[in-house]
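To start, I am sharing the structure in question, which I have written as structure tokens.
Chain naming follows the written order as A, B, C, D, E, F, G and H, and within any one chain the residues start at number 1.
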Amino acid sequence: MERCKACGFCVEFCPTKVLALSSAFNSKGYHPPHVVAPEKCSGCDLCGMYCPDFAIYGTKTPAAAKQEAKHES
Amino acid sequence: MSELVNPVESFLRTDRMPHIWCPGCGIGTTVNCFARALIDSGIDLESLALVSGIGCTGRVAGYVKLDSFHTTHGRAIPFATGLKLANPKLNVVVYSGDGDLSAIGGNHLIHAARRNIDLKVICVNNLIYAMTGGQTAPTTPGHAITATSPYGAFEPSFNLPHLLEAAGAVYVARWTTFHVRQLARSIGEAFQKKGFSFIEVISPCPTLYQRRNQLGDGLDTMKYYKEASKVRNGSPTSEAGLTMTGEIVVGKFVDRERPDYQTMMTAQMTESLGERYIRPEMEHEEEGCGVCG
Amino acid sequence: MRLTEIRLAGFGGQGVILSAIVLGKAASIYQGAFATMTQSFGPEARGGACSAQLIVSESQTLYPYVSQPDILVVMSQEAYSKFAPELKDGGMLIVEQDLVHLENISAEVKVYSVPATRLAEDLGKRMVLNIVMVGFFTAVTELLQPDAVRNAVADSVPERFRELNLKAFEKGYEYGIEALSAGPLAGEAEPQMAYSEE
Amino acid sequence: MKADPKGVLTGTHFIDGDHACCEGALAAGARFSAGYPITPSTEIVERFAARVPLVGGTFIQMEDELAASITLQGAVWGGAKAFTVTSGPGFSLMMEHIGYAAMTETPCVFVDVQRGGPSTGLPTLPAQADMMQARWGSHGDYEVIALCPNSPQECFDLTIQAFNFAEEFRVPVMFMMDEVVGHMTEKVVIPPADQIEVTPRKHTRKSAEEYLPYGTNGDLVPEMAHAGEGYKFHMTGLTHDERGYPNMTPQTQDKLVRRLQNKIRDAADRIMMAEEEGIEGADVIVVSYGITSRVAQKGIDMARARGLKVGKFRMITCWPFPEKRIRELAEKAKAFVVPELNLGQMVREVERAAGGKARTIPVSHAGGSVHRPEEILNAILEATR
Amino acid sequence: MSELVNPVESFLRTDRMPHIWCPGCGIGTTVNCFARALIDSGIDLESLALVSGIGCTGRVAGYVKLDSFHTTHGRAIPFATGLKLANPKLNVVVYSGDGDLSAIGGNHLIHAARRNIDLKVICVNNLIYAMTGGQTAPTTPGHAITATSPYGAFEPSFNLPHLLEAAGAVYVARWTTFHVRQLARSIGEAFQKKGFSFIEVISPCPTLYQRRNQLGDGLDTMKYYKEASKVRNGSPTSEAGLTMTGEIVVGKFVDRERPDYQTMMTAQMTESLGERYIRPEMEHEEEGCGVCG
Amino acid sequence: MKADPKGVLTGTHFIDGDHACCEGALAAGARFSAGYPITPSTEIVERFAARVPLVGGTFIQMEDELAASITLQGAVWGGAKAFTVTSGPGFSLMMEHIGYAAMTETPCVFVDVQRGGPSTGLPTLPAQADMMQARWGSHGDYEVIALCPNSPQECFDLTIQAFNFAEEFRVPVMFMMDEVVGHMTEKVVIPPADQIEVTPRKHTRKSAEEYLPYGTNGDLVPEMAHAGEGYKFHMTGLTHDERGYPNMTPQTQDKLVRRLQNKIRDAADRIMMAEEEGIEGADVIVVSYGITSRVAQKGIDMARARGLKVGKFRMITCWPFPEKRIRELAEKAKAFVVPELNLGQMVREVERAAGGKARTIPVSHAGGSVHRPEEILNAILEATR
Amino acid sequence: MERCKACGFCVEFCPTKVLALSSAFNSKGYHPPHVVAPEKCSGCDLCGMYCPDFAIYGTKTPAAAKQEAKHES
Amino acid sequence: MRLTEIRLAGFGGQGVILSAIVLGKAASIYQGAFATMTQSFGPEARGGACSAQLIVSESQTLYPYVSQPDILVVMSQEAYSKFAPELKDGGMLIVEQDLVHLENISAEVKVYSVPATRLAEDLGKRMVLNIVMVGFFTAVTELLQPDAVRNAVADSVPERFRELNLKAFEKGYEYGIEALSAGPLAGEAEPQMAYSEE
């Protein structure tokens, strides 16, 4: 999430509202998103397509692993 | 989670990250869609060359891990033309900004479309000259405030899909950075076509266009795109003009068949010269290279 | 006015350049002296580091660059690390208290510290942190006449922000007057304490 | 004549060289600019775009530099004083039209705020590497005038001078700034309009019947007419006779092109502007221009502090090159030291004019910053050795 | 009969006659029509400036007794733009060849049309670069033999009316040199409009285009024009493409109203600046000239 | 390597310089040209358009010279040897891209068949007035190589040499013809392909992982890769590091731009080609190039007939200027006489290099025809006075 | 008629066939048109509009003068 | 082959340049000697005067221009007026009989005259008048070997016109052989009589 510049695209356009901007700062002084509802993530990768900073992406993982392993950090 | 890597990572020169684009800039989003279109289309990345002009968008060439050429302002298309004609096996993508392609590069744009050179042109239209600090572009909507239109722009702006259709492009589409899936699909479709394809992507430049015009930040702009866009595939391009805050007609407007430049060249030469004609690509098929020895 | 070399540095968006312009204007227009301001444009135009050099003097200076500033104003850690070593022995260092953590400061250096961002936020506009800094600078350096700087502030911002900026100037100036009477910090001190002491 | 007060922002300002240049153009009477954005010159036309609607004139941003550099010439023939503004890559694109202006004797000003090159190079950083291009960048033989300011104040003053030379000689004048001077902010004093001398267009007073568009008598500069005044004249970039008609013979070519050259060469003494200091008795003379002249000063001061006799010759006019004066100085001093933000351009002219009478020591710099004064000092030391 | 003078004589620099154009060349015919249109429209010749680029057609500027400017190749339109903006009272005509206007000058053509600069553009389209010896132009029809297409041209050619309509021209017409009266009428109409007008005139170049393609001489070509032309006023410009020997759609295609550049500029500036805005033309109305003293 | 026989029209021909230049390009392996017509150069690409489809290659006529001058560079990076052809006005339009080729180290050839200028000037008549432009016409510091043929045979031979230099040094080479040489018809002997030495592209043999697009070792010329070969390299006109990545610092600029200069300057002796005759013991040396060298011969013959000791120095390589040799000759002779079809261009370099050791007498000519041999004779006579 | 280059446009497109190319040469070696049927001339000036060399024109003269005075020579 | 300077002149469309090329080719390719051909492009590209200069010689000549031709071939009155005065004393003048009216010819000049246009028209193609002239030139000047010139003709014209042009050459050549044996005309003679005498 060091690349994130907190544009909020991923948060806004995640169809299932998996993400929210965190209040913590990354090293560049931005608030990157964090996963607030991992169970809702469909792995659609829309967040990944929207992200202008190549800082996030979604994958279709086996249902069991869904709540983890999806968002690069 | 360390074993997982962002799928676009392999398309990027990660040693050049972070990129220079501002927070909320749409250019990165378009690159993301482009990368995903490449993955989906399964195209051979070694045969793919990307050519940019100068501008914020022009920097795309510096970030993609492809044979990538950062040319001069406005001249990405003729450079790409040379590349393609010298090695017809290449897939050549031109990736540049609205000012680069339609202001200083406007002549090359219409002539390459006329000739139907087999190029895929991705035009990131942020309605402004961003790199140089936010001056009026031929795409800037009326009344917008820019660095060179301090009292509001008043020149009519180009309706690029309309111009490109009239000039001869075989594939013309417009999307916004909100339309990530459609954009990726369009890029994929363009790769299926042989001929001049033009995809316009309306994209936020919060730093120099939106803020100066009190249109908010990148996210506000994305929301506006979402609201104001009307998907009208096949719409007459003459009805696709843009205004500062009005409707944005998006969609695939033109998808037609015309033989591309090299096909026509081969046909005409063969008609006139018959067997005496030696196609340039035959050179490449030969053993040993006449250039490198 | 003695020939004084000043560097102001921070990151893009903090208004570093404008603060240099205000100081230069005060010197050259409102005090009839001379000032030369140059700025570094980084290799990439957007964001990132940003710095201005200002030389003020009684007569026109030809060489326009600062190598060893008499006064260094830093508003980011990066700027601090980059420019602090250049500061002249016996020079003055002015820092944005919340954004700069001081390290290895020579005892010769006079350090003044101000929470300009927070003071600006108190005024309701983070944006004016640069003018807070200008006020503080005016007070602690005693290089320029406060009225000259006030005029320069008024003259350098759009009409509708004039009042706010003048307030920001006063806020910084007052803070500076106090700091001045308190005397410079030792390099070792945790500068943010200055604020919490208020 | 005196400047039109509408364009003159009388007062004391703290502005950068780009903005000062714009104010100089307005004070000189420029009411038209056609531009195309490029760092680090754009601020000039950005200010012009903001200022000229309040003064009565037009700024148009063209589709490219080819257009900008000819649109402004159309405006001149329409009756305006006009200029354009660019930097390296754009300057390269303007070369054909600089030749056209020289050939058609269109008075106008081209501002080049020099940045690092070649090609896209260093868009935001300084250089002085378009100096030879300013003189030789267009095909064929022609002459131009080129001026190099070293401060915002001079950006103002010399822009007026550039327009005045353009009008006096009907020649394109190259105003060769550099990124440092363009972006450096200093006090700029703009005098009242009635203290600013402005050269009027050399407009004919002849009747349409008598008027010969390219006829001259004596001073080699023909009188001009504008479109719409009833002269029904013709002008062309082809080799032309006094009527302005194409006449493609070696004789007409000789007459025309030599006149274009001589109108400048013959007036070189008048056009030559330079700042000299400490020349008498100097062993070494530092020849410089633009921002480097200010850096050089520091080197000179350091050398003098060591007791060396160093003179300063700062070219304000770089083209026509102050050949005669350098020749004279070569007789006096032992060596010239020539620092420039390039790999050796004007130094070639110095070397040529010196004719072996004095050594010539270049202090080259690839651009992107300015010299360290020590580099200049070292060259001075070498020169005295 | 000596008291009678050719009515066009007063429009010509008779001291430059005879002109350089070949026997059967159509350029002179277009000039003739132009001159007659001027007579008929009663336009003030002193307020009329004519600007040409380089080419056989470009030489028109040298033969008309008007303020006339022979500029550089392709740049007649931007020169004319400067002329017009500096002195809005001028009527400015651009008279040049197809190559000059649509090849090297193509960018200026579309941008001036977009801006709707008040210029009357007369494009003599002889389907070739004539002045330089008959090379392929962007207008050269497929299969035609030219100096640079010795085996036949194969690039698709521009349909100029279509391109110009898409770019924004308010008046677009095409005639051939056979249509002398219609051409003169069109020129007259263009003078009635405020904005960018484009009139294409298909014209023979027997020396370098017709002969090389066994299409006969000037007269043969005129007869072909007579036969093959179909007058279709108001025809969609997209249907007005040309081929080497096929039908030639002629007529007035576009005649629409859009405020011209200067009108828009005045409107925007007045909206933003109110009384503070000083229109450039007010300068000209003042006593004493700020340029000449 | 040896020339590819497909492109070599072995035999004895009676053709003009333009056509010979085209044959030279084909023999050198050029299989791509992007052009835009302009007198008096168009015949070169007209012939190429007729010949190359029979050899396996492409000619494309672009929409303007801006396009032509960059399209050819795209072709080079696509794997072709490529060139373009123009004359003055078009050459002026190519300046930005000549700088781009220099900066990106794109091996290619620009042919300029010089005609009378400035501007449209004398489209069908000769001049040699683009010589300084060939060196200085683009912004920023860069180096090129420029060759001047004086016969159709040399148009053939030296075009091959131009391509060979381009490949060896990865530099744009200016092939500076003039209208007379371009349109003059003489015998041109084209040898068999196996007698024509052609310099191959300096293509890297490294793997994609090892390859550094702008890294050099020793000879200052980096190895090249083409698009589509898997190197996934980047190139840019911005100041760049060895990886080809933009890196806009004065340090990188210094390293890069000095290397671009030094790769040519260090090899100047090797690049320098000249014809010398009667130099030993000569009082006067006539320095000339291109068509003027043949006219000069007549002047020299006339002077020798009067018993004068006149030497001939004919530059084939004009850039880099044969500075060292002229310096040497200045020690030997009393004066240089420099006729050229311009108002004084290369003569400035001669004067500079002569450094006052020998007088320099220009014989200028505005173009449109050639000198009368008497003019050259008179200058020789003056030189001996 | 010295300017005429004998393109034949005027002859061909005169609606009433007033003109024909003559067999005589002008000084440039061309055969200019001459009036063969002056009475038919309507003075429509089509010949004038067609002529690329500004060598001919028609005028509406009083009926009486019709057969003369119309074609510049 | 002695160094011989030749000028050929006429108007555009007569094929003046091609005739010079044929002669040059004969000398340089088929006779192994050297030839330099230059042409004047007038100020206006279209129509008008047209002239070629040809120098043939045993060794390469450097100076490529003719100032005083040894042989002058003129095919128009304009060319005659312009170039006749330059002809070398004792030189040879060859004229197109129907297109050139001779005046003030020095007695030193050897004049040969040929109705090349009419001879070409006899062959059905006015176009080949230049090759008729080449044949005539070959015969009367005796400068080049007829077979070399025949080869050059064959080599210089498109395949489908080869035969016609070779015929034209022969026609001119034969006419020349006769003229040669008749000897040069006096400058005064009315040259067109030569044809009517046939």
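Methods note: contacts are C-beta pairs under 8 Å (C-beta built on N, C-alpha and C of every residue); 3 or more make two chains touch, one makes a residue touch a chain.
It should be emphasised that the depicted structure is a prediction, and the values quoted were computed from it without experimental measurement.
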Which chains contact both chain B and chain E? D, F
Tell me, please, which chain's centre (mean of its C-alpha atoms) is farthest from the centre of chain E? C
Pair joined by more contacting C-beta pairs (B-F or E-F): B-F
Please tell me the distance, in whole Å, between the geometric centres of chain G and chain H computed from their C-alpha atoms. 39
Chain C and chain D, separation of their C-alpha mean positions in angstrom: 37
Roughly how far is chain C from chain E, going centre to centre by Cα mean, in whole Å? 61
Per the C-alpha means, the centres of chain E and chain H lie apart by a whole-Å value of 44
Where does chain G touch two or more other chains at once, residue-wise? none
Residue numbers in chain F touching 2 or more other chains? 39, 53, 63-64, 66, 89, 96, 100, 119-120, 122-125, 236-238, 246, 248-249
Give the residues of chain E that touch two or more other chains, as numbers and ranges in rising order. 21-22, 70, 72, 74, 103-104, 106-107, 111, 131, 133, 138, 151, 265, 269, 273
In the complex of these two chains, what residues of chain D are touching chain C? 12-14, 39-40, 122-125, 179-180, 183-187, 291, 294-295, 297-298, 370, 373
Partner chain D, residues of chain B touching it in the complex: 54, 70, 72-74, 103-104, 106, 129, 131-133, 135-136, 138, 147-151
Within their complex, state which residues of chain C touch chain D. 20-21, 24-25, 28-29, 34-39, 41-43, 45, 62-65
Touching residues (chain side chain F, partner chain B) in the complex: 1, 4, 6, 29, 31-32, 34, 53-58, 60, 62-64, 66-68, 70-82, 96-97, 100, 200-201, 203, 226-238, 245-246
In the complex, chain D touches chain B at residues 35-39, 42, 45-46, 49-50, 53, 59, 61, 63-65, 89, 119-120
